[in-house]
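The structures come next, written out as C-alpha cells.
Shared between the two complexes below is subunit A, which pairs with subunit B and subunit C, respectively.
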Partner chain A sequence: MMLRTFSNLCAQSQACFRSARAKSTLSAVIDETGKSGLILKSVSTDIFENLALEDWIHDHVDLQNRSMLFLWSNAPAVVIGRHQNPWQECNLQVMRQKGIPLARRRSGGGTVFHDLGNVNLTFFTSKKNYDRHRNLQVVTSALKGLRPDMDVRATERFDILLNGQHKISGTAAKLGRTAAYHHCTLLCSADRALLSAVLKPTCQGIKSNATQSVPSPVKNLLDEDPTLDCDTIMDSVASQYNTEFGFSSPVTLVDPSDELSLPGIQRMARELLAWEWTFGRTPKFSICTTFELKNDTSICNATLNMDIKNGIIESCDIEVPSDWLPVELSREFSLHLIGGKLCPYQTSVIAAELLRTIPQNKELERKMYNLCRRVVFMM
Partner chain B sequence: MLSHSRCVTRNVSRFIAVISQGNNVLARQAVSGLSASRSVTVNNPAKCGARSSVFQIRYFRTSSACRNEVITVKTPAFAESVTEGDVRWEKAVGDSVKEDEVVCEIETDKTSVQVPSPAAGVIEELLVPDGEKVEGGQALFKLRKGAVAAQAAEAPAAVAAPPPPAAATPPASAVGPIPTTMPPVPPVPGAAISATPVSAIKPTDAPAAFADGRGIPARTEHRVKMNRMRLRIAQRLKEAQNTCAMLTTFNEVDMSNISEMRKAYKDTFLKKHNIKLGFMSAFVKASAYALMDQPSVNGVIDDTTKEVVYRDYVDISVAVATPKGLVVPVIRGVEGMNFADIEKTINELGEKARKNELAVEDMDGGTFTISNGGVFGSMFGTPIINPPQSAILGMHGIFDRPVAIGGKVEIRPMMYVALTYDHRLIDGREAVTFLRKIKAVVEDPRVLLLDL
Partner chain C sequence: MAMRVAFRCLSANFSTVQISANRPLWKANTARTLSTASRLFTDKHEWVRVEGGVGTVGISNFAQEALGDVVYCGLPEVGQKLEQMEEFGALESVKAASELYSPLTGEVTEINTELADNPGLVNKSCYEGGWLIKMTIDNPAELDGLMDDGSYEKFIKSLDE
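So, the complex of A and B:
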C-alpha cells in the first residue's frame, strides 16, 4: 500500500516536471488508474515493435500488485526462442525470398510462425502470481464460451490441442527478477502452407545443443468453425480474462512506436532487429554436410565443415575433389570465410572478390562461381 | 530522466518496504512461482524468501568485510514441479558483473529464467558447460566479489575477438540509403577501391581518451589485425599496379544540358517508371556507347596466355560505398539498355545493397567500372583500376565554375571526370577519345540518337 502511494506521488511530481509534455509515460498512466488488471492491445503488426513492447512492460511497469493481458498479432514473421538456432529451425532462404523477417524473442521455447491469422496473448504477472495453467484456462474457457461443444484442452506441456490431436497454441515464458510473463499463440486463420514452407532447416548437417522445436500437426480454428476469426477470439479472451481474475478492464489500444509514452522502446526494438541479437546469440554449433557441384561437363561431391560461435565462423574447411577445382582455390575460400559472419551477403562479397582474382579461365571461374553460390545458399 | 527517477523510486520504495516489514519478511515464504531462493552460501545463514530480503540484508550490512571473497552461486529452485533445465551462459569467466546483472539464463520447459548475480564482482568459474542440464540447488558458478580490476583485460578482449575491419560496424546502424537521385549511386572517392574505405575502419574499441583522469589525452595506441580479405585485396591492387601501366587522363563536363533535361522530365519519368531520374544513367549509357566505340577500353589483357580479350558486351560495375565496406554490383548488358532500364537496374541494386541482399551473381564480373567520388564532395582525383579490368571512370562533384563560352565568361555547373587506364592495351589517343565521347554524350544526349 505504501508502495503504491509512493509511486502515485512520483507520478504526480513527474507530471509536474513534464508539464510541457502532453502525456506522461504508460507506466505513470497505469499507476494513476490504480487498477489491478489491465488489458492492452497493440495497434502495430510489426513483430519487433511488439516484442519490444513486451520487454518494455516487463521492465517498466510495476507488476507486483497488478496483472496485465497484452493482445497482439503480426505481419508474417518467424519467431525463434531465446536459445534456439535459426539455421536449424527455419528456412532462411525461403524467408528472404518472401520478405519474412526473423525475430528472436527473449522467452524460451520453440519456433513459431506468426501472421495476421495468429493471435498472441501475453499474461504479465508478478513472480508470485505466475500460473500458466490458469492463463491457459482463460483461453480454453473463452473458446468454449464461443463454441460450447468445441474440444479444446490444455496439455501438460502447456500446448492447447483441438480435438485432442491438432495443436492450436504453444507457450513460452520468461521469469525475470520480480515479474514474469507467459505468452502463447493461438492459430485462428494462419497460412499453413507458408508455415510448413518456412519451418524447415536452412541446411542439413547441423549439430548443436540449442533448444530444438518439437514439431506438431497444427490446425486453424477457422477451419474448425468459419465464424471464429481473430477479432472475435481476442474479444472473447479479453472478457474471459476479466471474469477469471475479477477485473473490469476495457481493452486499451497501445502504439508500440510511441517513444513519448514508452521511453526507450525504440532502442529496444532496434536491439531486437540487430544481427548480433537475432543470429549472433545462437549457441555454438557446427555444420557438417556434403553437397553436389556440377557444371556442363562434370559433377562431383564436396564436403563442408564449419564451426560457428556467436554467428561467426570460427573454423571452415571446404573440400572439393582436386580434379574438379584446384585445392588452393577451395582452401583460399575456406580461409577467407573464417572470422566472418555466417551471412550470405558477407560471403557473397568475399566470393565476388575472390572470383576477380582467378586467372582468366572461363571454366575455372564457372566452377568456382558454382562453389561460392552453393556455399552461400547454405546460409 | 524518467527511467532514472523510476529507478530511484524503486530503490527508495524497497527501502521503505524494508523498514515497514521489519522482521516479518524472513517468515514470509514465497509461495509459487520461482522463489528467488538463491542460497548465497556465505554470511547469510537464513534462507532468503522473498527477493527484497536479500536487499534488506544488503542495506544493513554495508560495512561487510567480504572483499575479494569467492562465493558459489546455486541454481534457483524451479517452479511447478520442474526438476531440471539447460544453462545458457550470458557471461564468461573473467567478465565483471554488477549486482543483479544477468549471468545466465536457465531454460526449463519453454521458460527462460534469468539468474542475476547476487553481488558485483568478477566471474571466477563456470561450473556447468553451456547447454548442459542443471537441477535446482546445483552449484552454478563462482563469483569473486569486489571491485572489478579487469580494465586491462578488456582491451585485448576487444582485439582478440575483432570484427574484421571490413565487417566492423555498429550493429544497430542501418545501412544509409543509397541516394538514387543526383548522383544516384554513391561509391568510394576516386582513391583505392578496397573492401573498406579507410575512413570506415574505426577503432573497434577506442581506449579511454583521458586515462589518467587529468584531462590530458592518453598517448596509447592499439593494434587491430588486418583481416584476410583486406590483405588479399591489398595484394591484388598492388599486383595490378605492378603489371598495368596505369595513368590517368582528365576532362570536364558541362552539366547544364543534362540538368535541364532532368528538370524537364523528372516528373513524367517518375510517373511512368516509378523511380527518380538521376545523372548516373547518363554516365552509364555514355560509357557503354563509348566502350562499343573504343573496344580496347572494354578489353583486358590475359597475362597467362598473353592475349587480349575483346568483349562484345558491356557490363558496367558501379562502385557503391556501404557502411560495411565497398561493394561493386554489376549492370549487365548496358549496350542494349536505355536510360530508364539503367535507372531501374541501379535502383534495384541499390535497394539490395541497402538491405544487404546482394548475391554473388550481382557482384561477379564486369568489363568497366564507374566510381563516383562526387557524392563525398571530391573535386578532382585519380581512380585506381579495379582488376581484372583495363580502365575506370571517376566522376567527381558538380561545382559552379566560370567557363569561357563563345568568348564570354559564363557560370556553368561543371564536373571533372577522370579515366585511369592500362597503357599496355589502351593508347593515349584512344583514352582521350573515349573520354571526349563520354563528355559529348552527357553534354548533349542527342549524340546518342544520331550516333555521332
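So, the complex of A and C:
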C-alpha cells in the first residue's frame, strides 16, 4: 500500500494553496483531487487530536459524493460514548494513577479501551450512503483475506466476534446534517490486563439514565495468529476498502495538529479535552451508597447521598453516626461539597481546609481524614 | 382538499388569536400574533408548532422511523440561546447518535423532562408527548422559510428519488 504524505498530495493537486476562502486547506485539496474515495491515516496517537480530526472531517469535507476511510490508533485512553457516565463505566482511580486519559466521543455507544494495539477505523459517508453492515464487511473480508479460515463475523449489534465468542470490534456512529460517520475498534494486540483493570467501574450506588455499556469477553487477533499485527491489518483493510467501493486510493498520512491545513482543529481538540465535556456532559445522576469507616478501635457505617448535574454536586448528604464523628463535621463537609465538581482534586482541597479547622484532637482528626479520603476515593 | 385545509387554518388562527389576547406572554412589540395553525417542518425533519410566541420543537415521523428506538435524549439546558441551524443536542438510538439542529433562533424555555425516563416517547408520539424543547421565537421571519405539512410530504418523497 503506497503511503503518501499530505504534502505529496498537495503537490499533486496544483490548486493546493489557492484554496477557496470559504474552505480550509485539507478539504480544498481533497476537492481538487476529484477522487470519490480517500484513505487517510493519522500520524498522531493522541486521542483528543484524533477525535478532533474526525469532527473536522465531518464538518468541513464535502461528503455528498465522496467517502473516506480514516485509520488511527492511540496511546492508552478510555473512550466513553456521548451520553455515558464515566463514574459508572470505568475505574477512574486506576486511570489517574497510570496517566490514562478519559475521552468522550461525539458518537453514541459504549466504553472502550484504546492503546497502540487497537486499530480504529472511521468510515465517512453522506447520510444516504451510511451503511454499517457494508463497512463491517470490509473489515471481515480484509481479515479473511489475510487468514481465509478465520471465523470472524459481524453481529446484529454491529460487533465483530472471533470464533463466535470473543469480541474483537465494537461500533459507534454519528449522524450529522448531511454526513455520517461510523467508527469501530479492532483489537490486534491490546493490553488486555490493563483493559480489564480500567473498564471495571468502582463507584457504587449510581442511579442514572445514561446509556450503559454491554460488557463482552474480548480477545486480540494476535492471540489467534501472531502475524496479525496492527500495520498488517490496517493495510489489508485499506486495500479491501478500495476493492469494496471501487476506489483506488493510496493511504495518505495526516497530521491532526496541523492548524494550517485544518483551521480550527486545535480549538476542537481543546473542547474535547475540557473537563466540561469529558465529565461535565454526564447526564444527571445520583449516588446513594453506604461505606465503612474504620479506625484502630471501631468500625461504623456511613451513608452518602449526592445528586450530580453537569458533573457538579447539586446536593450532598453525608451521614456518619454521631458517636463516631460530630454531626456538625460531616454536615460541614457535605455543605462545602455542594456547588463543586465531582472531582477528587477539588474535594481534596476542600477536605484539607476543613481538617485545618478541627480543634487539636488526634483521634477526631484521623476519623475526619478517613471520611474525607473515602469520599475522595469515590470520585 | 385545499379548501378544507384553508378553512381549518382560518378557524385555527381565529381561535388562537382569541387565546393570545388573554395571554400577555408575547412581546408587546411583535407585529403579528405569533402562532402557527399547525406544524412547520425543516429539511432536517424537525417540526415546530408556535403558540403564543413559544415554539414547541420535535422530530417528524419520518425522522423517528429512520432513527429506530431512541434510547437517550441529549437536550440543552433551559435558558440556552440557540441560533437557527445550531446543533442543540442529540438523540441516541441503536442506529447512531443523531444531532439535533435548532429550527429557529431563540432561547430554550422548557425541555421535556418525561424523555429522561421514557426516551421511547419520541418514537411513540413524536408530534405530541415526544416533543423535545420549547423555545422563544426571536426572529419570526424564520418561520416563513419552513415547510407546511404538504410541502414536507413532497420533500420526503423527493428524497427517495
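The definition used in the following text is that the second predicted complex is superposed on the first by the 355 of 379 C-alpha atoms of A that agree within 3 Å, B and C clash if a C-alpha of one lies under 4 Å from a C-alpha of the other, contacts with A are read in each partner's own complex, and residues count from 1 in each chain.
Convention: a residue touches a chain if its C-beta (ideal position, glycine included) is under 8 Å from a C-beta of that chain, and two chains touch if they have at least 3 such contacts.
Everything numeric in this text was worked out from a predicted model, so none of it was measured.
In the three-chain model built by superposing on subunit A, subunit B clashes with subunit C. More residues of subunit A lie in contact with B than with the other chain of the pair subunit B and subunit C.
In the superposition on chain A, A:Trp324 makes contact with neither subunit B nor subunit C.
In the superposition on chain A, contact of A:Pro283 is made with both subunit B and subunit C.
Legend: residue contacts after superposition of the two complexes on their common chain; A:Thr211 is shown touching both subunit B and subunit C. By the document's definition of touching, of the two partners only subunit B reaches A:Gly340; subunit C does not. Applying the stated contact rule after C-alpha superposition, one finds that A:Gly176 touches each of subunit B and subunit C.
Shared-chain residue A:Trp56: touches no atom of subunit B or subunit C. Superposing the two complexes on chain A places one of the subunit B stretches 2-10, 38-46 or 290-298 into subunit C: stretch 38-46. The residues of subunit A shared by its contacts with subunit B and with subunit C are 81-83, 106-109, 130, 172-177, 180, 209-211, 283-284. On the subunit C side of its complex with subunit A, the touching residues are 44, 71-72, 74, 90, 92-93, 95-99, 101, 116-117. Listing the residues of subunit B that touch subunit A in their complex gives 1-3, 5-6, 9, 12-13, 16-17, 20, 30-36, 51, 79-80, 86, 88, 100, 105, 107-114, 116, 130-131, 162, 164, 166-167, 171-172, 195, 227-229, 232-233, 236, 300, 302-305, 309, 324-325, 327-328, 356-365, 386-388.
By the touch criterion given at the top, residues 2-3, 6-7, 10, 14, 17, 25, 27, 60, 81-83, 96, 106-110, 126-132, 157-158, 170-178, 180, 209-211, 263-264, 270-271, 273-277, 283-284, 335-336, 338-341, 343-346, 348-357, 359-361, 369, 372-373, 376 of subunit A touch subunit B in their complex. Touching subunit C in their complex are the following residues of subunit A: 81-83, 106-109, 130, 172-177, 180, 182, 209-211, 283-284.
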